[in-house]
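You will see two complexes here that share subunit A, one where it goes with subunit B and one where it goes with subunit C.
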Partner chain A sequence: MRTAKGRKRFILLCVAPAVILFVIFMIIPTLNVFRISLFERGAYSPTETFVGFDNFNTLFKDEKFIVSMQNTILMIVMVTIFTFFFALMFAAILSREKIKGQNFFRIIFYIPNILSVVVIAGIFSAIYRPDNGMLNSVLSMLSGQQIQVLWKDQPMVIVSIIMAMVWQAIGYYMVMYMASMAAVPESIYESAGMDGAGRFRQFFQMTLPLIWTNIRTTLTFFIISTINMAFLFVRAMVAKGMSDVGLSFMYNQKDAGLFGYSMAAGVIIFLFSFLLSAAVNRVTRREVLEM
Partner chain B sequence: MKRIIALALTCILCMSAFSGFAAASEGPLRVAALESGYGPEMWVEVTEAFTAATGIEVELTTDKFIEDIIGPAMQGGDFPDVIHLATGREKALTDQFIKDNLILDITDVLDRAVPGEGALVSEKIAGGFTETALTNPYDDGKTYLAPMFYSPCGLFYNAGLFEEKGWTIPATWDEMWALGETAKAEGYALFTYPTTGYFDTVIPTILYSVGGPEFFDKVTNYEEGVWDTPEAAKYMEILTKLASYTHASTPAQANDTDFTMNQQMILDDTALFLPCGTWIVDEMAEAPRVDGFQWGMCPVPEIAAGGTGYSYTWFEQAWIPSGAANQDAAKQFVAFLYSDVACDIFSASTAIQPVVGVAENMTGDNKMFFSIYDTGAKAAMGGFAAYESTAGLASVREVFMDPFNALVSGQTTADEWLADMRAANDQMRANLMQ
Partner chain C sequence: MEQRTGSQKSEVILKVFIYVALITLAVLIIVPVAWVFLASVKENSEFYGNPWTMPLGFYWQNFVDAWNSAQMGSYMLNSAIVTALALAILLIVALPASYCLARFRFKGRGFVRTSFMAGLFINMNYIVVPIYLMLKDGDDFLKGVFGGGFLLNNMFVLAVVYAATALPFTIYLLSGYFATLPHDFEEAAYIDGAGYSRTMVSIIFPLAQPSIITVILFNFLAFWNEYIVSMTLLSSARGARTLPVGLLNLMQAQQGRAEFGTLYAGLVIVMLPTLILYIMVQRKLTQGMTLGGVKG
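What follows is the complex of A and B.
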């Protein structure tokens, strides 16, 4: 009895620091976001005035906020589709086919993921340069005429950001899928091959369903991270206001001295990502296949 | 025993988590300065000279992104004593302090003696510098921000190219457009700009030249109907034409990562004119350039020949947050910034204090740049009046400068831009700070 009690206390003490830190640095700030969204105050100002839901009313009429949320949604959809398509394709090729230098490709694809966003922004500013950038040069060479696309200007700027984000994310997810594909026993593929199933059929009817749990988890994870990464890419790559996403809109409002308004945008983005993850989780629910 | 150790360890862990919250006590004078094109060394020397002159210890912080260093602590109520950071920056930290009334009134500093010298601060600061909206933001006759490092702004060009081609510097906009056509025929673009933020030097100059100081005051104080006047139409006509002569790649590079590529266009003889301040010489010192390149700077053209040319005087600001702990020492430090010792240290790094007679012993490129006022150009100073932050209302830069990008790339028209400016003008006037 005594030892059980002592043990409980010991566990409590062990957990306490983490719980206290979590409450101080996660729970309280998050609750504060909700609280401040009902006030009008500057970031450095000690005074605050309660304005109820005024910030939200203005927010839903603010054209810039609506455009930035549209951009966010466009990025989530496009970046997710392209990243998952390429990541799955490369993972399937690298784990199922016999290719020379498999490990080499695996490393090459993974490298973008360990680079910081600032470095990626630097690399892409060289790629997207209008006059002698890599992308325009390649396009000119292929088409045989001088092509000068202004990648970082309207209307191409959002496409440029999406391309950079896809490039950055592929490697990480590819490695994740390769790991789960490696767990699928070779014998299943052999028997399927004998039954006359081709490569594509094997991929869609066996590989995909068998790694579905993994895809589902990474999908939720990816959507949330895209909301965050889009902010970093927009901040690092293009001029302020050129193609804002939800979080960069929120950040700019803070710079404009509208802390409460910025937090109201934060609340909407928080609820948006929360609901979106829940919806994705719901939609992708399937019966788990056992190998 | 084990339990006691565990308890002790937990306590240490918790305490270490809180140690970051320790409040700053009244210690040395804390100075935070932006490390701009002039480099950080001059600030180290000036604070050392200040300590030598007054015996007050100084703790100096300089950084290229000083907002990110001091911002979070200030949100928690911990302020440096003196901050050197200009208005109009992207993070707009100083602007926010103005809007929230969080800057200490330093009018009395003007009547103080400069530490180590007999002269008063007001006698040393050159005329006009403490009378603009950039130092007296509330128009109440009180000075809140101290003027620092000034720089004549104008259009920078390759003087070597103009000499080689035998072109003359356009004095009027008509001559400018004529040169634009000549240049276009030879494959040069007439104009480029680093980012739209640099229009804070061009826009006031054009406002001055279309309507004189009166029109400038009307625009910067958001007077009703100011964007329906013939002056406004003329102003917009100039901007539209300028946009049509701008190098097409400019907007795609007009961001904080690529703006030096736009500046490079001048060094490469791709574009002819670029608006900037004198710091560009140091900023691009390492960049490759065409043979025979030589920096030149001229005022923004005028409407008619023989008019008054204006060159916008850009200057930075130093200020004391009203939450500062050592306010008296902070005021002494601000006064010291205008001492001969400090001015000499600053000018060694080509940062020029707005002090009477400082331009007399200049050398090199700076001598040519600052002589712009001797050759007839009038100094234009000032900026947009402060208005209260309001949800949904854009910033001055977003309304009056950023759309130039879209004008160049054809994403917006002059009429659309004017309509936006009219709407914002009314809202800004309604929220003007008094």
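What follows is the complex of A and C.
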């Protein structure tokens, strides 16, 4: 029956399994990222030697790591700009305009988001094939001459990855913006329409300020998810070592058996994403407009 | 009058621009996906000319090859097992925990809740290496004691890892829902003489069905599509693999052999289940996203 002791036992039985799994597979590994970064660990034996900040010192002099971080930053900037622009534009169109087939467009735009990154990599390898790939053949048709760009080779490879990432992300952010635009009451637009404010003024002076909280949150999403997605795309799409981003550099070190070095890179990337998110959050702080 | 026609004209231009933009993006998404579907029934010789020709016939042998020789069939079974197991573990563990965290006041509740919230910010890609090392050390230890380890290359362990890493989001979503229910439900059940667990299982869980479906949908897609953790934990050359990892290997092997038909058939096999599911539940999915995600 329902005694105080029974209540306690019930709560313990309910919460304990979740806490145990969470601690073993999330908390301990997270703490281990930081701990292992201070050690050197043999590839074949689990013996660890404490090396202090040696891994970090080597890392900051590693040309490959610096390049991969530059690539990460480039991707964060480009993917955010393009995805943000298109997602916001299509969200505004689909939620403010009277469009035939509105549902159809919403359904189609979200499709890339449900596909595995491996599938997207496969689709884009068909798009990017140098001879008779979809993109080169369209470019050849448009320009009237034979075009054979090597999309998955230097120097185009970063552009190719960015295009695939934007293709994948637009629908997701669009749905997110549509949801917050739906929360803006129709009456506000009606009175603005009567005052003679056009579409663009309505968008910049009302919609944008009213969904600002949501936009700020998605900016943090952009930073964190671009860092992660860039890794998934690079790993699945391009030849090894062709163009690395932060996390794929980390994973390559793990493959090479340099676990301490790999985790040092992990720590730096984590701190980088954390600080960048905090900075963006600070810069975008505005007086929130109440509806 | 003059002005009126001018604004009507710009209205028309704007409308045209809007439709052009919408249709362009739709084409950019539909065409590559449809192209892969068409390519999956083309014969290998059809891949050397113009990429925009229709398939000459339905060459189903691609699917037979992908299913059998490229082992996509057995990978699909593995993926189904891992995904189903992970979802089952996740629900069994997360439902009672979310219920208690949302409805009961007890010592340490705030701390546990805050910890799970913090867990939302831990990403799999960072912790996959420590998890791998932890399981590897566990295996080495077991080898010393029993002569064999079973933690790596084990689909059940992979499912547990999936479930564990999905806990923060799932608990966040479910306890958010449980918190909105009125307390009358429990009080009525208690008066009828039901205990805590009976009340939870037969009164509260059925009420939570919509959120449970959302949880299943999101995590199904996440588990089915995941490949980094799967690739790391199921790393033995001849061991079991999940579908995305199998496809990745097929893509890398294909670069040398140029068996395009099999490759695109493999792609279709991987994306078809998610596409069918999506078409069936798309409204639920895009609504659920705003439920669990951010609110404006």
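Assume the second predicted complex is superposed on the first by the 271 of 291 C-alpha atoms of A that agree within 3 Å, B and C clash if a C-alpha of one lies under 4 Å from a C-alpha of the other, contacts with A are read in each partner's own complex, and residues count from 1 in each chain.
Definition applied: a residue touches a chain if its C-beta (ideal position, glycine included) is under 8 Å from a C-beta of that chain, and two chains touch if they have at least 3 such contacts.
Here the structure is a predicted model, which is why all the values come from computation and not from measurement.
Peer 1: Return fit or clash for subunit B versus subunit C, each positioned on subunit A through the superposition.
Peer 2: clash
Peer 1: Regarding the shared-chain residue A:Gly122, is it in contact with subunit B (first), subunit C (second), both, or neither?
Peer 2: Touch status of A:Gly122: both partners.
Peer 1: In the superposed arrangement, does A:Val280 touch subunit B (first), subunit C (second), both or neither?
Peer 2: neither
Peer 1: Return first, second, both or neither, reflecting whether A:Met165 touches subunit B, subunit C, both chains, or no partner chain.
Peer 2: neither
Peer 1: Counting residues of subunit A touched by each partner, does subunit B or subunit C come out ahead?
Peer 2: It is C that touches the greater number of subunit A residues.
Peer 1: Considering only the touch criterion stated at the top, classify A:Phe10 as touching first (subunit B), second (subunit C), both, or neither.
Peer 2: both
Peer 1: Applying the document's definition of touch, where does A:Met242 land relative to subunit B and subunit C: first, second, both, or neither?
Peer 2: first
Peer 1: Considering only the touch criterion stated at the top, classify A:Pro46 as touching first (subunit B), second (subunit C), both, or neither.
Peer 2: both
Peer 1: Applying the touch criterion given at the start, work out whether A:Ile24 contacts subunit B, subunit C, both or neither, answering first, second, both or neither.
Peer 2: both
Peer 1: Once chain A of both complexes is superposed, is A:Leu59 in touch with subunit B (first), subunit C (second), both, or neither?
Peer 2: After superposition on chain A, A:Leu59 lies in contact with subunit B alone.
Peer 1: Quick check on the output: what are the common subunit A residues between the subunit B footprint and the subunit C footprint?
Peer 2: Common interface on subunit A, subunit B vs subunit C: 6, 10, 13-14, 17, 21, 24, 46, 121-122, 125, 236.
Peer 1: List the residues on subunit B that touch subunit A in their complex, please.
Peer 2: 3, 6-7, 10, 13-14, 17, 71, 74-75, 77, 90-93, 95-97, 99-100, 102, 195-196, 248-249, 251-258, 261, 389-392, 394-395, 398, 402, 405-406, 409, 411
Peer 1: Would you pull the subunit C residues touching subunit A in the complex into a rising list?
Peer 2: Touching subunit A: residues 14, 18-19, 21-22, 25-26, 28-33, 35-36, 39, 47-52, 92-94, 96-97, 99-101, 104, 106, 112, 115-116, 119, 121-123, 125-127, 129-134, 136-137, 140, 160-161, 163-165, 167-168, 171, 190, 195-197, 200, 221, 224-228, 244-245, 247-248, 251, 263-264, 266-267, 270-271, 274-275, 277-279, 282, 285-286, 289-290, 293-296 of subunit C.
Peer 1: Would you mind writing out the residues of subunit A in touch with subunit B in their complex?
Peer 2: Where subunit A meets subunit B, its residues are 6, 9-10, 13-14, 16-17, 20-21, 24, 40, 42-46, 54-55, 58-59, 61-62, 64, 121-122, 125, 128-131, 148, 150-155, 236-242, 253, 255-258, 260-261.
Peer 1: Touching residues of subunit A toward subunit C in the complex: what are they?
Peer 2: Subunit A residues touching subunit C: 1-2, 6-8, 10-11, 13-15, 17-19, 21-22, 24-30, 32-33, 36, 41, 46, 86, 89-90, 93, 97, 99, 104-112, 114-119, 121-127, 132-134, 137, 167, 170-172, 175-176, 179-181, 183, 199, 210-211, 213-214, 217-218, 224, 228, 231-232, 235-236, 247, 250-251, 254, 259, 262-263, 266, 269-270.
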